Amino acid sequence: MFGLFNRPELELDTSGNVPMVDICELDLVYENGHQALHQVNLQIQKGEFVFLVGTTGSGKSSLLKLLYRELRPSSGNVLVGGLDLGDLARNEVPYLRRSVGVIFQDFRLLGNKTAAENVAYALEITGTAKRKIPSRVAQVLELVGLSDKAKRLPSQLSGGEQQRVAIARSLVNQPSLLLADEPTGNLDPDSTWDIMQILSRVQNAGTTVVVATHNQQVVDLMRKRVLVMKRGHLVHDLARGAYRLDGRGSGLHVDQPSTPFSAVEL
Amino acid sequence: MMGYSGYFFREVLTNIRRSPLMSVASVTTVLVLTLILGYFTALMMNLEALAHSLLREVQVVAYLDDDANRVSVAQQLDRIPGVEEAHFVSKETALKKLVERMQGRIKVDDLTRNPLPDSYEVAVDSADSLELVAKRAQRIAGVSYVKYGEEIAQRMLRFNSLVRTVGVVILGLLFLSTVLIVSNTIRLTVFARRKEIEIMQMVGAAEWFIRWPFIMEGVLQGLVGSVVAATLVGGSYSLVVPKLMQTITFLPIVQAEDLLPMLIPALIFNGAFVGGLGSLLSVNKFLKV
Amino acid sequence: MMGYSGYFFREVLTNIRRSPLMSVASVTTVLVLTLILGYFTALMMNLEALAHSLLREVQVVAYLDDDANRVSVAQQLDRIPGVEEAHFVSKETALKKLVERMQGRIKVDDLTRNPLPDSYEVAVDSADSLELVAKRAQRIAGVSYVKYGEEIAQRMLRFNSLVRTVGVVILGLLFLSTVLIVSNTIRLTVFARRKEIEIMQMVGAAEWFIRWPFIMEGVLQGLVGSVVAATLVGGSYSLVVPKLMQTITFLPIVQAEDLLPMLIPALIFNGAFVGGLGSLLSVNKFLKV
Amino acid sequence: MFGLFNRPELELDTSGNVPMVDICELDLVYENGHQALHQVNLQIQKGEFVFLVGTTGSGKSSLLKLLYRELRPSSGNVLVGGLDLGDLARNEVPYLRRSVGVIFQDFRLLGNKTAAENVAYALEITGTAKRKIPSRVAQVLELVGLSDKAKRLPSQLSGGEQQRVAIARSLVNQPSLLLADEPTGNLDPDSTWDIMQILSRVQNAGTTVVVATHNQQVVDLMRKRVLVMKRGHLVHDLARGAYRLDGRGSGLHVDQPSTPFSAVEL
C-alpha cells in the first residue's frame, strides 16, 4: 500500500575487513555542467580520523555529500562499509544514513523542534524505545555543553549553539562513520577544542571520523591524516599531516594582499 | 507502525501548535468547500424530489363511451403491463370538479345535461410506460378517447432528466474542485515545510516515518473542517426546512431526517479523505532521494 | 513607483519561473472558484428569468353580467392604476378555448346554451398591483365576479422572492468563500516565502518595495485563473444554450449575448481583485519590523 | 493608500561629530526571559575597525542585531550616526539599513535569486539607476573573487562562496557602518585574509567596521581595537588588542580537555 511500511534491513560491514570508505575513480558533475570532483581515489579504514582541507569551493562538501548519498557519483564508485552507494535503492538510503552521522555546514536543524527534540528525532526514526530517549538526549546535550538550552528552538540559539545541537544530533546514534563539514566554523577556540576532543573520543570508540575544515590550528595541533583538495582533485594525502594548501604554503599572509583593490572604488 | 501512532499524533499536535497558520488555512478551505458541497447536495436532493413529485402527476385518462361496460374496461385496463391502478371517475364527479375548478365561470343551472363522459384515471408505474399504456387502452372496446398529456409528460420527463444530469455533473465538478483546491492548499503547506522534509531524510528517517504525521495532519485538518461544515449544514437545514414547509406549501421539500443521516457522514468522510489524500500526494512530491 | 513597475514585473516573472508550484496552486484555485461562481451566476440568472416569466402569466379576469355594458366596463378598467391592458374575451371564444383545452371531454352538441360569461383579461404592471386592481374591478357596475388566481399569484410571488433571496444569499456566500479561499492560498504562498521577505527587510527594502511585486503577482495569478475560467464559462454557455433552447422549450433561457457581456468582465475583475487583495493582506502579515 | 508609497528620507550623521555607534546602559532580554546583554556601554567613532570576540553565546550577534534594529533594546539607548534606534518609526527602518551593511552569520541570501541578483537587489531597493547596476555588481563580485559564479543560485554554491556573496552584498551600497558576523567562518585562511584586506580597505575609505569573530589568528595579526564579551557583559575594551577570552588566556589548550568525558558512553 503505497510502500508506506516497507522496511528493508541494511547493515554496513564494520568488521574492518573492508575499508570504511572506498572511493574509486570518482567524478562528480553538477547539473549545470560544473565538474566538482575529478578522478578521486581514496580509502579510509575503520577507526581512522581524517581531515579534509582545501580552499573554498575545492569540493570538500561535495565529497562528503557523496558519502551519505545526498549526491550520486557521475562516474566511478563510492563504497561505504562495503555498500556500493550507486546501487542503493531509494528505500535503503534512510538506513545508510542512520549508520552515518553528519554534521552539516549549515546545521540543518528542524526549525519547529527544540534542541532536545532535534536530537531526539534522530533516535525516534530508528525505533529506539521511548523511555530510553530522554536520558540519551540529555547525555549528548551535556557532552556538547548545551544542557541548559535543551528546550530552546533553533531560532533562540546563537550560531555556535546551533552548531553544537547539530553535533549532538550526529553523535546520538553512535554512527559507524561520522562526517563533519566545518563543525567548528561558528565556535570559539575553546569550544572548538572541546568539540575536537569529543571527536577524538568518538574515534577511539571505533568510529571513523572525517572532518572537513578550514581551521588551520586544529589541523596542525591534532596531527591526523590530512587530505588536501584543490579544484576537485585530491592533491595530497598526508599521514599525521599539517594544514597546507598547495602552492602558497600554510596560513595567513599579512603583507601580500592577493586581490587588486585598485579596480574598485570604495 | 501502530507502535508509532502515539508518537505521530504528538508530532501532529506539536506541529499545529507551533505553526497554526497553515492548519487554519487548510481547515478553513476544507470547511468552506464542504459547506458549498453540502448545501448544493441538499439543493439537488430537493430539486430531485420536486421533479419526482411532478412526474407522479402524469397519468393516463381513458374516457368511456356512454354505453361502455365499466367492469370489463377496468379488467382490461388492469391487464395492461405498467398499469398500477385504474380509478373510476363518474361523469357527475367530473362535472363537479370542473365547476369547482372554474370557480363561477360556468353556471351549472345553464346545463340541461352533463356534457362530460365517464372516465378512468390510470396510474402507471413509470413515465416510460405512459405511451404504451395509452396505446393499449385505446384499443379496449368501450374506450372512446385516451389522453395522457403527452406534452406535459414530455416536459416533466425532460425536466426530470435535465435536473438529474445537471445535478450529477455539477456535484461531480464540485467534488473534483474540492479535491483539487484542498490538495492544492495542503501541497502549499507541505511546500512551506519542504526544508523540514529534506532534513528528516538527511538524518535517515524512512519515507513512511516522514509521511505518516503529514497524512494524519491532513486527515485531522480535513476532519475538523468538515465536521464544522457538516454541523453548519445540518443545523441550518433542520432549522430552515420546517419554516420553509410552512410558507412554500406548493413545493415538496426533503425532510431533514431523510437527508441528514446520509449527508452528514458523507461530508465528514469526504473531508477526512480529501485531507489525507491531499497530504499523501503532496508529501510524495517532496520525498525525493 | 511607476519607474519601478518594469522592474517589479520582471521580478514577478522570474519568481514564477523559478517556483512555478506556488503560481500553479494559486491560479488553479482562482480558476476553479471562478468557474463555480460563473456557472452559479448563470444558473441564478436563469432561475430569475423563469420566476419572472411565470409572474407574467398572472392576470386579473373580470367576468361580466349578461347585460353589462362592455365599453363602459373597459373604460373603467383602464382607469384603474396598475392596469396595462384589458383584453375582451367573448363567451363564445371562452367556450371554444374551454372545449379545446378539454380535448373531447366536453361534447359541444350536448350544450343547449353557452354556460360561460363574457370576460376581460386584465394585464397588470406588477404582481403587487394584482390585489388592488382586482378589488377596484369588482366595484365596477356590470362586473359579476373577479378572479385573479390568488393562489397561483401567491405561489409565484413566493417562488420569485424565494429564488431571489436564496440566490443572492448563495451568491454572496460563494463570493465570500472565493475571497477566503483565494486569500488563504495566497497567504500560504507568501508564508512559504516568509524567509525571503525577512531577508528583503534586512537589507533595507522599504515595505512598498517588497509589497508591490507580491501584489502584482497576486493580480496576475488572479487574472490568469479568472480569464481561463471566464472563457470556459462563456464558451460552454454559448455552446449549450442554443441546444438547450431546442429541447426545453417550456423554460425561458437567458441568451448568451444577454448574460456574457456582463458576466465575463465581472468574473475577470473579481479574480484580479481577489488575487491582489489576498496578496496585499498576506504580505502585510509578514511585514513586521 | 495603505502606506504603499510613503518614503521618509533619513540620513545618518556621518560627519564624525557624533560617535558612529553610541550604546548606553543597554540591557537586552529575549522573550523567553533570557538576558543576553547586561548594562553594555560602548562608543565607536567614525572610521574605526573593531573586533568583537567572546565565547559562543556571549551576545555578539545580539549586540550587532541591535545596531541594525533587528532587535530593540529592553532598556538603555542605542544610537547609530546620531539616530536613536529606539525611537525609529517602522517605515524608517529600511533607510537605516541601507546605511548599515550587514554580513550575517547564516548568510541570508535570497534562495531564488542568483549571486549577482542577490547583490543587485541591495542596489535596486535604493533606486539606483538601472544601467549602473550591472557594472557595480560585477565590480563587487570581482572584489570577493566570485566573478565566474555570478549566475549561480545560492544552492549551487559552496559554503564559502555563499559567504562571499553575502560579503559582496553588504559592500555594494558603500555603507557608513559595516557589521560583519563571523564573516570568515566558512573560508579557508587565504580567502579569510583576502576578505580582511577588503574590510581594511573599506575602513580606510571612511567606513566604520565591526567584526564579530572567533578567528584568533585574524584578530592577533590585525591588531585592531578588540571588544571582549562574556555572558552578555562587555568585559574588555582593548586598543590594538589580541584575541583573548577572559580567564583562560588565548587560543587552544591541547592538554586540558575541559569537558568530563567519563560521564558519557561512546
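Chains here go by letter, A, B, C and D, matching the order in which they are written, and residues are numbered from 1 within each.
Assume contacts are C-beta pairs under 8 Å (C-beta built on N, C-alpha and C of every residue); 3 or more make two chains touch, one makes a residue touch a chain.
Worth saying up front: this structure is predicted, and the values here are computed from it rather than measured.
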item: Those chains which touch chain C and also touch chain B; value: none
item: Starting at chain B, fewest touch steps before arriving at chain D; value: 2
item: Far-end chain from chain D, centres as C-alpha averages; value: B
item: Distance from chain C to chain A - Cα centre to Cα centre, in angstrom; value: 66
item: Centre-to-centre distance between chain B and chain A (centres being mean Cα positions), rounded to whole Å; value: 62
item: Centroid spacing, where centroids are CA-atom means, of chain A and chain D in whole angstrom; value: 27
item: Residues of chain D whose C-beta touches two or more other chains; value: none
item: Chain B: positions in contact with at least two other chains; value: none
item: Arrangement of touching chains [line / ring / star / complete / other]; value: ring
item: Chains grouped in pairs wherever the two touch, ordered by label; value: A-B, A-D, B-C, C-D
item: List of chain B residues in touch with chain A within their complex; value: 1, 3, 7, 14-15, 18-19, 195-196, 198-209, 211-212, 280, 289
item: Contact footprint of chain B on chain C as seen in their complex; value: 21-22, 25, 28-29, 32-33, 35-36, 39, 63, 94, 103-108, 110-117, 119, 144-145, 147, 155, 158-159, 162, 170, 173-174, 177, 180-181, 184-185, 187-189, 191-192, 247-248, 250-251
item: Residues of chain D defined as touching chain A within the complex; value: 30, 32, 34, 53-57, 60-62, 105-106, 139-140, 142-143, 145, 152, 156-161, 163-164, 171, 174, 181-182, 185-194, 197-198, 201-202, 205, 207, 214, 216-218, 221, 243, 245, 248, 250-254, 257-259, 261, 263-266
item: Complex interface listing, chain D residues touching chain C; value: 2-7, 68-70, 90-91, 93-98, 100, 102, 104, 108-113, 121-122, 124-127, 130, 169, 173
